[in-house]
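Shared chain: chain A. Partners: chain B in the first complex, chain C in the second.
And then the complex of A and B:
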């Protein structure tokens, strides 16, 4: 089910032009990648460089009206590093990513293992179901969860109210989930994990299909139970896929924006994460501070760059050994 | 024997529970959309109403949402998505052919570049791109936004398409070349028809990317008659109380095409995203 072609490995042998033709440098492939490369360079690489430059400049209303940008050096970085609010948003970002990735990987892997045990029809049904969660647009997902956790007519509060007070406490009907950062992030976590674990489940399932069943049979003959087989056979064999999934999840959850924006919004500063903080500084008020926003965005980008480097390393190494 | 049957039944029950939990939020969205208001805000919510109503859908489709008709948002979203699909599909097909068919210097560099930019934080890029489009006078215009969407969907589209191109036997092209077809002819009459299924899958992915996008549309578009469907959703909030019936009806209209498309291509999505992760 998974593509066996490696991401950055060698070209398939069929595509090898052979010694006779490779002697001269042909413009063909370069012309073919040129348009895509140009688009990527202009729309992605250039702006990444620009954030760096902009983080050293003051760009507000006057600059937007045409005055030259004022160079301020590292002032914005000094400001944010000295600001407890920045550290709070960073803490939210990191904690949310840690919790959401852990839950996504655990739940997703369990669903993947379950799918592998089910009969074909049942597996298709369940896989189709979890894919619905994956397919839901982030905007609608956030809106649905705001509604489920809402105060008037919200299903979750109603359910919690049915449960015995000794277990969950009282006062649920009027409980506002978006009043504190902790409960806002609880809803956000449920929403993001619900959307993200299907991808993990389907990928893990694809990996499991590639593990020869003889290995498990041999382990069973040797008297090893399912728990032990999982840790001694499945995990080591699927380690590459787990690595990729974890890194991708970290990156996605680190920069989560749309869901938090829809649920909690720009007015609720207490619940900001890094990307919402950067956005709010840059565009959130009538007095835009694009330089300041860029400085926060630089921090976000640098952290993600480190994670991406790990990701690329994993992909390249697998490409070479495949 | 009995033990094994019992265990299979247990897994099936577990499977049904996972299915129910997974689809429940979407089910709740659709069921709310069909409920009359008194059932929506009732103190004892019921899964399904006995008096389904189309009035919320009628409201969304018939009455303007924040002064603009639903169909204007729909048209904007559709145009943006289609332009993104065609442009990124074309660019990606060319690049994927190069990567899958030729070995050249910087081939690996190019692929690593794609992997990196595919992970780039768009939430950070929105700030410089805002300034760039402003300078080019492309802010508040659908063409400026389309340009941005094309840039975002190309890297993944190339990574996804190259597998499809690589799977086509090279011999077919060589046979056509022997018969006297030039490279352009080979591309159009041999490669293109064979890679069509892959192109469809990639297109649907680009379509969904553009259709779902919120951050850039929200930041770059000022005029309501240029806004897209995800932006329209914002206009439902903040009025006097939340009209959850209409919100859920609109969400349903926004979501269903995506779910249908998504189920059509999910297999390819997974392989494109994790290509290289599992040895064959």
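And then the complex of A and C:
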């Protein structure tokens, strides 16, 4: 953006190099973003650089005490890529993100549409209700969900047990939701979607408020039902919002750690995702393998950087069309 | 990582500043009393524990009147990360409690001070449990003192056993039969068999006369494919899959994530836990407390199976500025009087041969403690058990129908690499 602006501005000034140079430098904007950049550099870029360096070194507690670290090159990356367990955790991460993002967007949009239709008092009530879920810290949410789906005194098992066996089958009081990856991830998905959809709902609601109601009236006059109005008016107009929400959800759901760590923990390796795998290597025991953990973190970071690149592209595109 | 590095820098600056100041004042004598002694204790710090440590401090200060003792509690789940930060940042303790299975890792990482000479000069050293002291040594040097130990037995409902006419099982077959009778009569699962409880499986392995790893020519070699281990693993998982006297709901869990609560509430016939569980269960269901009792985990063909000697040791941190005061604190903490007081408060048995439980209810644990064994004494045990959780994941896979021979073979391969770091 800045480049094109200065290129456009340069042409008329060609005959006068003095002011052109000063205008091309234009330190003002850079000075303004400098504080933010400095904070990001210290808190994000430097640690990311550190992780990159550490992923090439053998680092345990002895090295943390100050002994020089041994350089191992790309050995950890070779180990990881040759390990079927890594691909299993990657598969879990990607599949979970795909399902969770789809559900978050669907449920969030539906709630947004509902909020738009409700009267003011009811809308406030519903919005307040869903925002509580958004405001709940992930650890709290995870603990609540592991209680809900627990075996002793768990509400979900109790409820399923009360329902007629013909409908849901029997044996619910002792059902272990965290025994297999599929059911663990089912609970995890419900928990994560429950927490993430309020943000989508409120964003969609904000978008809906900006759509002129005349468009819907005209569509109704032409005989369009709600389904058709949604797909031909709402979706195209809110497309930029949807794009940003999807990309952000993908980023969030890729790095889910807290909930899975609390609900399933290190004793269920078959349900690991990438974050948990990295954690177990780096911090799981008194013999930390920070190099190996860093290497896994680098892989996760690279994947997220690709998604972020898409996000930035979407943002820039929107800047151009707006 | 970013936190540790930042913390490290901050602490390094702070230490440099305080070290300069301290040197000038004290004249930097390692044997002299420090102004402060940092003591780390593991766990959440109950009021009883705090009161006990206050008394220890009073006694310690009779010898070191100028030293202020600062106790910090480190909850067990945060132990690994807290010690990592201590190693990285230099803000470690002077003297610390350690889980006994972690001692070898600490020695290997150079966290602990060599206290061989001080131990030799301590009159009570001869009273310490020899096996436990062996776990605190490497290359002939001593790095820690055994403090207390915990062994596990089978908690059962005495009233249900009496009603069904069962006595404490002495063999595996009797254990299964007892679980079945309780299950049929009370309509609750007979026994809790969580897969994330390596200590319980180890007792069954030892009770079959085997071990999960053996040291051959200075290297640990996995023994999971041996007939004894296979026997024990088949029996343990079979309680769930074939005998159906243990529920599937504890798969992927440890004894605290279900079995303990269920047993206390009267929803489970038996489960395996230590003497310390009594205090916790009384909080859950005080009205059932009189009905609980314990028998030792049976060996395959009769007798008590060896129990894993869990517990804690006391060590002097390598970076301490006051090694003498730190070691003195350890000896006061572990003198005969305080060891006896601690055993009664905590429910853990002392690692001193001259100290016994005074509560008759826990007497059975003294019997169990007569026959203990250690997990492989290797600095790789931490990774094998805590981060890779090899045994729990193997048990889970077998319970869920994976072929037992494949899983045992995989566990052997992991033992061969992880236990020889």
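The criterion applied here is as follows: the second predicted complex is superposed on the first by the 284 of 322 C-alpha atoms of A that agree within 3 Å, B and C clash if a C-alpha of one lies under 4 Å from a C-alpha of the other, contacts with A are read in each partner's own complex, and residues count from 1 in each chain.
Assume a contact is a pair of C-beta atoms (placed from the backbone, for glycine too) under 8 Å apart; a residue touches a chain by one contact, two chains touch by 3 or more.
Fair warning: this is a prediction, and the values are worked out from it, not measured in the lab.
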item: Partner chain(s) touched by A:37 [first = chain B, second = chain C, both, neither]; value: first
item: Which of chain B and chain C A:285 touches, first, second, both or neither; value: second
item: Touched partner set for A:141, first chain B, second chain C, both or neither; value: first
item: Comparison of chain B and chain C by chain A residues contacted; value: B
item: Contacts of A:74 with chain B and chain C, given as first, second, both or neither; value: neither
item: Touched partner set for A:98, first chain B, second chain C, both or neither; value: neither
item: Which of chain B and chain C A:114 touches, first, second, both or neither; value: first
item: Contacts of A:241 with chain B and chain C, given as first, second, both or neither; value: first
item: Which superposed partner A:64 touches (first chain B, second chain C, both, neither); value: both
item: Which of chain B and chain C A:269 touches, first, second, both or neither; value: second
item: Contacts on chain A seen with chain B and repeated with chain C across the two complexes; value: 43, 46-47, 50-51, 54, 64, 150, 152, 282-283, 290, 294
item: Partner chain A, residues of chain B touching it in the complex; value: 8, 11-12, 14-16, 18-20, 22-23, 25-26, 28-29, 32, 40-45, 90-92, 94-95, 97-105, 107-108, 110-117, 119-132, 134, 147-148, 150-152, 154-155, 158-159, 162-163, 166, 169-171, 183, 208, 211-212, 214-215, 219, 230, 233-234, 242, 244, 247-248, 251, 254-255, 258-259, 261-263, 266-267, 270-280
item: Chain A - residues contacting chain B, complex; value: 1-12, 14-17, 22, 25-26, 28-30, 32-33, 35-37, 39-40, 42-48, 50-51, 54, 59, 64, 111, 114-115, 117-119, 122-123, 125-126, 128-141, 143-145, 147-148, 150, 152-153, 155, 158, 173, 194, 198-199, 202-203, 206-207, 210, 238, 240-241, 243-245, 248, 251, 254-255, 257-258, 261-262, 275, 278-279, 282-283, 290, 293-294, 297-298, 300-301, 304, 307-308, 311-312, 315-316, 318-319, 321-322
item: For the chain C and chain A complex, residues of the former touching the latter; value: 1-2, 4-5, 79-81, 83-84, 87-88, 102, 105-106, 108-111, 189, 195-196, 247-254, 258, 261-262, 265, 267, 379-380, 382-383, 385-389, 392-393, 396-397, 400, 421
item: In the complex with chain C, residue positions of chain A that touch it; value: 43, 46-47, 50-51, 54, 60-62, 64-65, 150-152, 174-176, 178-180, 264, 266-270, 280-290, 294
